[in-house]
Amino acid sequence: MKRLISLTRLILLISLFHHITISLFAEDWIVPPDKAEKTAPFVFSKESVEKGAELFVKNCQSCHGDPTRGNFAKLDPTPEDPASEKFKELTDGEMFYKITNGRGTMPQFKMILSEDDRWDLISYIRSFHSGYIQPEPELTSMTGAGERASMTILFDSLSKMVTISVYTVKNDMKSPVKGAEVLFFVKRYFGNLSLGDAVRTNEEGIISYPFPDGIAGDSTGQLTLIAQLNESSGYGNAKKAILVPLGVPTEWISLTAPRAMWNINFKAPVWLILSYSLTVLGVLLALVYIMLQIRKIFYLGSAVDDAKSDKP
Amino acid sequence: MQNSYDQVALDLFRPVRLNRSHLIWLGILTIALFLCLYAYSIQLREGLGVAGVRDYVSWGMYISNFVFFVASSLIGMLISAVLGLIGMKWIRPLTRIAEIIALAFAAVAGLVIISDMGRPERLPYLFLHGRIQSPILWDVTVVTTYVLISALLLYLPLIPDLAIGKKILNKPKFLVKLYEILSVKWRGTKAQWEIIHRSMRILLILIIPVALAIHTVTSWLFASTPRVGWNSTIFGPYFVSGAFVAGIACVIIAMYFFRKNYHLEKYITELHFNNMAKLLVLVSLVYLYFNINEFLVPGYKLEHGDAIHLKDIFIGHNAGLFWFAQLFGIIIPIILLLFRQMRKPFPMLILAILIFFASWIKRYIIVVPTQEHPFLPIQHVPANFLIYKPTLIEIAITLASFILVLMIITVLSKLFPVIPVWEMQEEFELKEKGNQS
Amino acid sequence: MEENDKPNEEQSEQDKKQSRRKFLRNVGIITGGAVAGGAAMYTGIHYEGSKLPSGERLKLLAQDGRLLEVDAHHVTEVHLPESELLMQQGREGLPGHKWVMVVDLAKCRNARKCIDACQSAHHLRPEQYHINTLQMQESKKTAPYNLPKPCQHCDNPPCVSVCPVDATFKRSDGPVLIDNERCIGCRFCIAACPYSARVFQWFEPPLAEESKDIPYNIELNVPQKKGTITKCLFSADRLREGKLPYCVSACPNGVYWFGDEMEDAVTNGTTKETVKFSELLKQNAGYQLMPELGTKPRVYYLPPKNRLFPFEDGDQEEHKG
């Protein structure tokens, strides 16, 4: 019976969405079922609500407005008030998924907010939903019996092959980790460039990763490669960075190197310097010549005067 | 015969004295100048914002005025150099008037540009950190040179006159002393005459490219930018031909007043007015030709930006000023001056004053409307950013520049004869000789 | 993942030092106060001259371009007062980089957060824009869109060409900056800029009184100075710290990508996601504003396809040109 009600609610909700969304978003925002079931790793508290409130102002308010006031931005699709029924209907996992990945006008916060931050946010939003009861928090699921794995990276500059081995250490014994997910990044000035989907280790706990072509390195092709364990695969989030000469060498030529009209005085086009200087010099010489001629008039006049005064 | 020869000198030196009416006139100009300088002091204190210019139309009256001044100063080159060098004898009594006007406008143009600077105290940076690639640097170079050459062109033919004046004048004392110094021991020897003639010829040839350069470079202040309405390849000749029209109008106004006030009817005759009228028609036709090029070609294609620009000045809110400038600055004078009766002094004075105003407005039309419609829309700014309206302070500061020009012309025309004395004497001699033979 | 949030400051600091040192060696700029005088002092700081045995000859490139040779013994470290240091490093730029910006027009909903952040960082009045968002519609039937418009930091900048005193200048790493202590206020650059990117301090700037004791920072244009030009600086001061520009980090809608052309990477200011610059342009048909003018902008736009926001006309006074 209960299921039926919630189903009708869902249908109602979907039809409502259909009215609101424009053709662009003909499809509804469906969260994969396994993600929707996800629950927070901690019990929501006064502290988490407060922290969430702070994060909300910084990251969400500009579109979603102040909860309960309905002063969200007029966008298409509408961001809606987080205190609204529509939000209440979502499971914690759905909310977490939407915040994490974003869609369309809703930015993804994967890179901006930590998982805990996102859960704090949800705890804040839930504080507006009367009658909400938090599902049992799932304590951090460490499938590898709580063991955190380590990593080593090797590379071969000729074959451009990067070899990662993932292992755990117990009583000074290394044992390879099978099926651990590793993400690859290249360090860039403002953030890390993802090289694609996570790669799984084989039976020996090893990944042979062909480094992709066409990634810019420095003048000698050096770049910083980062390998990181995907936390959700359950072996922690160990991270290794290594300088590898696998990038495309790029030569930096100063933008101000060429002579140009827009460059500094010293870097003016040669023809301009020459023609300007020669013209100015020519005119100046002519003017100096005229001045000297005026002086000559004076001397000639003096000579006449002298001749006159000599005569008598 | 000897009598009339001396009479020329007496006639021409008669206005060279300080009488009361001229002192009063100078007094009025000085007071007006100080009132206008007060306006400038406000601008210095508060910032350029007291003028109507804003971020989009950032060049307003001052720059229009600067262009006008440079234009007017070009006339010295046309009258003395071009006409003089091709042997037009009738032009001789007008050369000094033209040179005085050229010198006054060119010298004050430099000050006008300073009034447009946000940081006038940083003027020396132009010499300390000057960038050779900037048309402003070229403009500064070439305007300074032009002022120098114009001053020399005024001074050199004045030397023999100063020697004559030294004998005729007996007061005021300081003037006689000034004449003594400036005449650099002119004794009229053959060698001295040779120097004068040779130097004059050099200067007259030199001033032609320099004068063309000052106005061409001024046009490049606009044409070197990618802006609609300025981005034109004919801006140089367009400006130069327009400058001749404005300059001739200035000379005609000055001719009329000097002739009347200094009683020079014998030297500046109706023939001179008639000839100037024909010259004016000639340069106006050339200017008309460039106008047709400047507007017809983009008007034919109506590219996006050009279409907006032309619509604005043809029928938009700048249309009144544009058509005033075109009609009274070019078309009506050309038509009217075809009639002999209009080539008399008084009708020409009226026409010249109209052309003078129209020429000023034309500079405004060249400078301002282009900035009112940039490539990207003007949005999210106060209303006074959209359309330029000059403020009272701006107008006062602009007036100051005109007052300064008038003062310079007044003082120079009072200190020295406005018509070259020895050249007139030479003409008289030639005429006498002709009568005798 | 979390470590991606904040650029690793220590590392980037080291990178900078490293690349600087490399740069210095590459071009042979090693110079000392004793020889080249004050103008060349800044680069001298970075040369570890003291480690060299005396008698060794060094080739130095002075700021004015002359190649000099001096005994290493004579090379001394020179410490400049902060104001001069800011001026020197501001004119020199960050070697090894070429900054680029990508603006995704499909995402802009005219929230104007970029403008607020920019105006407060640069001490501007509400009507003074280093970056402005314009409501565009090319012709009657085409769809309207919002156009965030910073300075385009052209590689062939018409504004710099016309500057008579080298007050505005192109930097080796891309940005076009302004030296407010040099600017004479002729406004030729305003006339020359086809993007209307420049603003003038017509009156005493706001916060003039409060900021008068701050040493002038050429990369921030603060304190602002009356009677001079100011404009978008690509937040050159933030780039030096390894941070994204003010407007880029303030955007709530993921409109801005900013990065280094040399690394072929741009980072989104909202999501902090880093992608390949060339791929981003390729996949979204990136373009430049008015490329026909030959200004070669360093700001790229992604077309306003699939606009996610309704266009609000508002009561904006509009003067389209």
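The chains carry the letters A, B and C, assigned in the order they are written, with residues numbered from 1 in each.
FYI, a contact is a pair of C-beta atoms (placed from the backbone, for glycine too) under 8 Å apart; a residue touches a chain by one contact, two chains touch by 3 or more.
Fair warning: this is a prediction, and the values are worked out from it, not measured in the lab.
Pairs A-C and A-B differ in how many C-beta pairs touch across them, and the larger number is found at A-C. Put simply, the chain closest to the centre of the protein, by Cα centroids, is C. Distance between chain centres (mean CA atoms), chain B to chain C: 44 Å. Chain centres here are Cα means. That of chain A falls 18 Å from that of chain C.
One simple way to say how far apart two chains are is to compare their mean CA positions; for chain A and chain B this gives 61 Å.
Along chain C, residues 158, 161, 166 each make contact with two or more other chains. Among the residues of chain B, those touching two or more other chains are numbered 129-131, 133.
Counting partners per residue, chain A has 261-265 as the residues that reach two or more other chains. Note for the complex: chain A touches chain C at residues 24, 59, 62-63, 73-76, 102, 104-105, 107-112, 114, 185-194, 215-216, 218-219, 228, 231, 237, 239, 250, 252, 254-257, 260-266. Residues of chain A touching chain B in their complex: 261-265, 268-269, 272-273, 276, 280, 283, 286-287, 289-290, 293-298, 300-302, 304-305. Residue ranges on chain C touching chain A, taken from their complex, read 1-5, 7, 11-12, 19, 22, 64-65, 95-98, 107, 109, 111, 113, 155-158, 160-161, 166, 169-174, 242-244, 252-254, 258-260, 262-267, 270-276, 306, 308-310, 312. Looking at the complex, you find that chain B touches chain A at residues 129-133, 138, 141, 145, 148-149, 152, 156, 159, 184-187, 189, 191-192, 195-196, 198-199, 202-203, 206, 210. On chain C, the positions that touch chain B within their shared complex are 127-129, 132-136, 147, 149, 158, 161-167, 182-188, 190-192, 194-196, 198-204, 226-228, 290, 293, 295, 316-321.
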